[in-house]
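You will see subunit A twice below: alongside subunit B first, and alongside subunit C after that.
And now, the complex of A and B:
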């Protein structure tokens, strides 16, 4: 009886999990077939054309897009984590004039959709001669309200104020206290936020498509779009491009899912 | 005494120094371009005609947007239609799946990870993947439906307005249901077990426990999900934009049935036309609508809460 009940719980979950995974399965399968095999429509079994398809997209410049995305997302993540941690530290550790106002201001700004600044930002970047560089994609992460909010929540719960006090009494400077005492204590939060920002930067399509026009500067989403339209007749290559663009990230995030899932849920449960 | 005071004073400047980088970035790369966008929205600036031909036109762009622009209203209608259908399905589906998963503690992480994969997949890729899956001739969906005998010939999913909308809705639900599941699951773990245990001792069945305890307890989470999905619903862009890149179709799919507000904004500003001034007015128009809808929804939620108490 108990087993039957458990089965009733598991079946819908299994069904939904299979549905979640099916599109990925077909993408991998597409990547291993030639175009004519794909037209014949048998994608349940894998084919033997994976290497050829990958060669085609590497010749199409895909590694370049990969590198562009990777370093842009990494620097964005580091910038966001560092600046958010400093701001969150100021808001939780110190009592100062304007603290309340700034906290509310940052919280409220989370609700404003980013595209309202997009046109002005694009022109600003143009005037600064930063079009066709990756700097505009990084600079926006210097002020992430979500980042400050996220680290503030973590600091409130996990950094004992006495520790900061005793460091001060020992004569440690304020900035050194922050770097050598506060930062190590919030390492899990830093890791989670870095993963989130890396992912958001990696996935972003709208902003790169307004500031990047030269194809050797493209990031992955622009690269996928380019390849999808360039190889209209080569379905195998398109499948390979999608698989290579998507799967490594998914695998890395599955390994780190413990921290990552916490990060996604943090906003809802605390707010 | 004096020395101690001096020390406190020197600490006083530190919070501002720690906040300085954040605020600096915020003003330079958000506030300034936001104000700049507003100024641009008051001009007829066209990036092809050039800055020299730019003229101040007052609120003319806004007047045109709200009184004459049929495509703007069409995209607003599409965006609303999508949200009205998929938000209730996501909230209900996410909640039910979370309740099921909560009972299976051991395998929970694995299920969560699998189901959140679509949510973290590059949206551009999702748009293209779905354009493959639902392709008329080579798509897997048609092949499967024909092979199991539901259809005799393939449906042209992306070729008709209604079907294309259905594909967009399926896509959004596929992508997001794992995220809703995850958030509800986090919420469920905050419900103290004694409460539902006590209710069961008093003779409540599982359904009553779910309806009278679980659902009210999760209300703040439901409100959070509702408000954030409205805000992100207005941002819907990448997936429907890429869904039709495979077939020769107008922007936003057949009959512009999947033209969302963001696609319209992007297309007006950077693609079909290059009218920065008008595009900026569109982005402010979207912002005002998001603001109004969010305020209305929170008012309704608050009023309900008052009458319930």
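And now, the complex of A and C:
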């Protein structure tokens, strides 16, 4: 009876898992076929064009796009976590004039879609002579309202103020208290935010397509889009590029999934 | 005391960071000014040496051109040929999707960021792209381009609403129809293009023969892969402008094509494939569809990659379409107003689109130059063949047979909205087999009135 109940529970989960994994299977299968083979529709079996497709994407500068994406996403994640944590710490621990207004302002700015501010941001970057560099892609994460909000929520529930008081009484400076006491206590939130920002930056298309016009500066989403001509798309090469592009996300999520789930649950439920 | 020291330290660090940022920017500023100067110097050098844009540049001329484009084989063929003549010229090429053209140019204009020196424009968005304040008028000084140098049917597609020539077509894109010779022989008793053209003078005869094919094959062989691409071909044959001032002439331009589309559907002579889908591409290798629209680019991009058997059997042919041919696709090359070396940009465009050397480079990738003179200077440029079409000289057929039967229409700003709505109607006709041509027309008008409220829909 218990086994039957378990089966009833497991079978739907298996079905859902298979449905979720099928697109990944097709992406990997696409990477092994030529475009015309893909059009024939036989994606269940792997083909023999993997090497050719990988050659195409490497010749198209994919390794450079990969590196560009990797380092901009990594620095974006670190920058966002660090600045968001500092801002959240200040908003949670300090009592100062305008704190409420500032909190509400940050919260309100989350409601504005990024696309609206894109033109203004691009003009700003142009005036700073930063167009066709990766700095605009990184800098934008330095002022993440979501990051501040997320860590503030976590800090409110995970950081006892008494601990901060004790550290101060023991003579710890503010920055040291922040780094040595507060940061370790919010590790799951830091890990989660880093992963989210990495993912968003990795997949970002709109911002790079606006501020980058030199192909050697392209990130992966822009690079994948260029695997086409006026009248055709190279779906095999695109499949190979997508399969490789997904790898870092899978690795990072596998490593940090414990923190990710913990961080999301804490940020979402408590508060 | 400690607090105030901390404050001072924080302020000092902040100021240092800001100074660093500003210093970084100013360094970049001075760099860009230097590079601007060097370009200006190059420009001024050539201005001294060759102010006359009609004369070729000296072969040791140095310069760099930026380009954003979506056709690597084309880019490589023409720039390689150009760099053989001008070895000191460099190109900075940025690949982009052709569907992004309008958005990319608009964003660059809105933000003041750099536009490419040589700007491409695909036919789909060209009417809107040509209205952007970014183009040099090539028909005026110093370029003085004479539009009669290129085939006449292309003229309306190279100018904006003010009559300014904003670009020159990279190549000719005439379209007739391709047919499977094996199927034509089996069902019509001939695979000769001339005899087939006599057999199909109009779409009515096409439908009548299609019904015979349907009955003879038991419904397994079709005349055309899909309704939408058939409808698109027929509506482009009209050659009349879709929008006249503030009036969209829907009935005049589309009633006939909708009637024929419904007849195609109701007589089962056309398959149900959606154009540009994997199944549609695959259909070129299946041998179930006798005819398909065929532009110059269809040969290397649509037919050859999707019909591996065709390379050895050569079972394709090219012929005039019933009731005339169309211009299908195309990309222009123009010079942006912000181009840093307009003299060099013009030299390149003239080479790529008007010269015999450029035409040879195009011929090597199976494309035909849009200029008339290269064919007079080197008649062999008229010829290109594909193994998929056996011995038929496709180049000569496109030039001598297809092009004279093309009626080209003027572009309008909102053509693409009409075009997309018509595609939507075609899809609806495909899915709803009971929808009549009149109902489709009513739906089309209703959609256009909603999408383009500033126009009168007739």
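Here is the rule we use: the second predicted complex is superposed on the first by the 213 of 271 C-alpha atoms of A that agree within 3 Å, B and C clash if a C-alpha of one lies under 4 Å from a C-alpha of the other, contacts with A are read in each partner's own complex, and residues count from 1 in each chain.
To be clear about the criterion, a contact is a pair of C-beta atoms (placed from the backbone, for glycine too) under 8 Å apart; a residue touches a chain by one contact, two chains touch by 3 or more.
Quantities reported herein were computed from a predicted structural model and do not represent experimental measurements.
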item: First (subunit B), second (subunit C), both or neither touched by A:19; value: first
item: Touching partner for A:250 - first (subunit B), second (subunit C), both, neither; value: first
item: Which superposed partner A:129 touches (first subunit B, second subunit C, both, neither); value: second
item: Dominant contact partner of subunit A by residue count, subunit C or subunit B; value: B
item: First, second, both or neither for A:71, with subunit B first and subunit C second; value: neither
item: Contacts of A:116 with subunit B and subunit C, given as first, second, both or neither; value: first
item: Common interface positions of subunit A, toward subunit B and toward subunit C; value: 38-39, 41, 119, 123, 209-210, 225, 228-229, 232
item: Subunit A partner contacts - residues on subunit C that touch it in the complex; value: 21, 25, 28-29, 32, 66, 68, 70-74, 92-98, 100, 104, 107-108, 110-114, 116, 122, 278-279, 281-282, 285, 297-298, 301-302, 305-306, 308, 329, 331
item: Footprint of subunit B on subunit A - complex, ascending; value: 6, 9-10, 12-13, 16-17, 19-21, 23-24, 26-27, 30, 38-39, 41, 43, 83-84, 86-87, 89-91, 93-94, 96, 99, 102, 109, 111-121, 123-124, 139-140, 142-143, 148, 168, 174-175, 178, 199, 202-203, 205-206, 209-210, 220-221, 224-225, 228-229, 232, 235, 238-239, 242, 245-246, 249-250, 253-254, 257-258, 261, 264-265, 267-269, 271
item: Subunit B residues touching subunit A - in the complex, by the definition given at the top; value: 11-12, 14-16, 18-19, 21-26, 29-30, 32-40, 96-97, 100-101, 103-104, 109, 111-118, 120-126, 128-130, 132-133, 137-138, 140, 143, 174, 177-179, 182-183, 185-187, 190, 220-221, 224-225, 231, 234-235, 237-238, 242, 245-246, 262, 265-266, 269-270, 276, 279-280, 283-284, 286-287, 290, 294
item: In the complex with subunit C, residue positions of subunit A that touch it; value: 35-36, 38-41, 119, 122-123, 126, 128-132, 209-211, 213-215, 225-226, 228-232
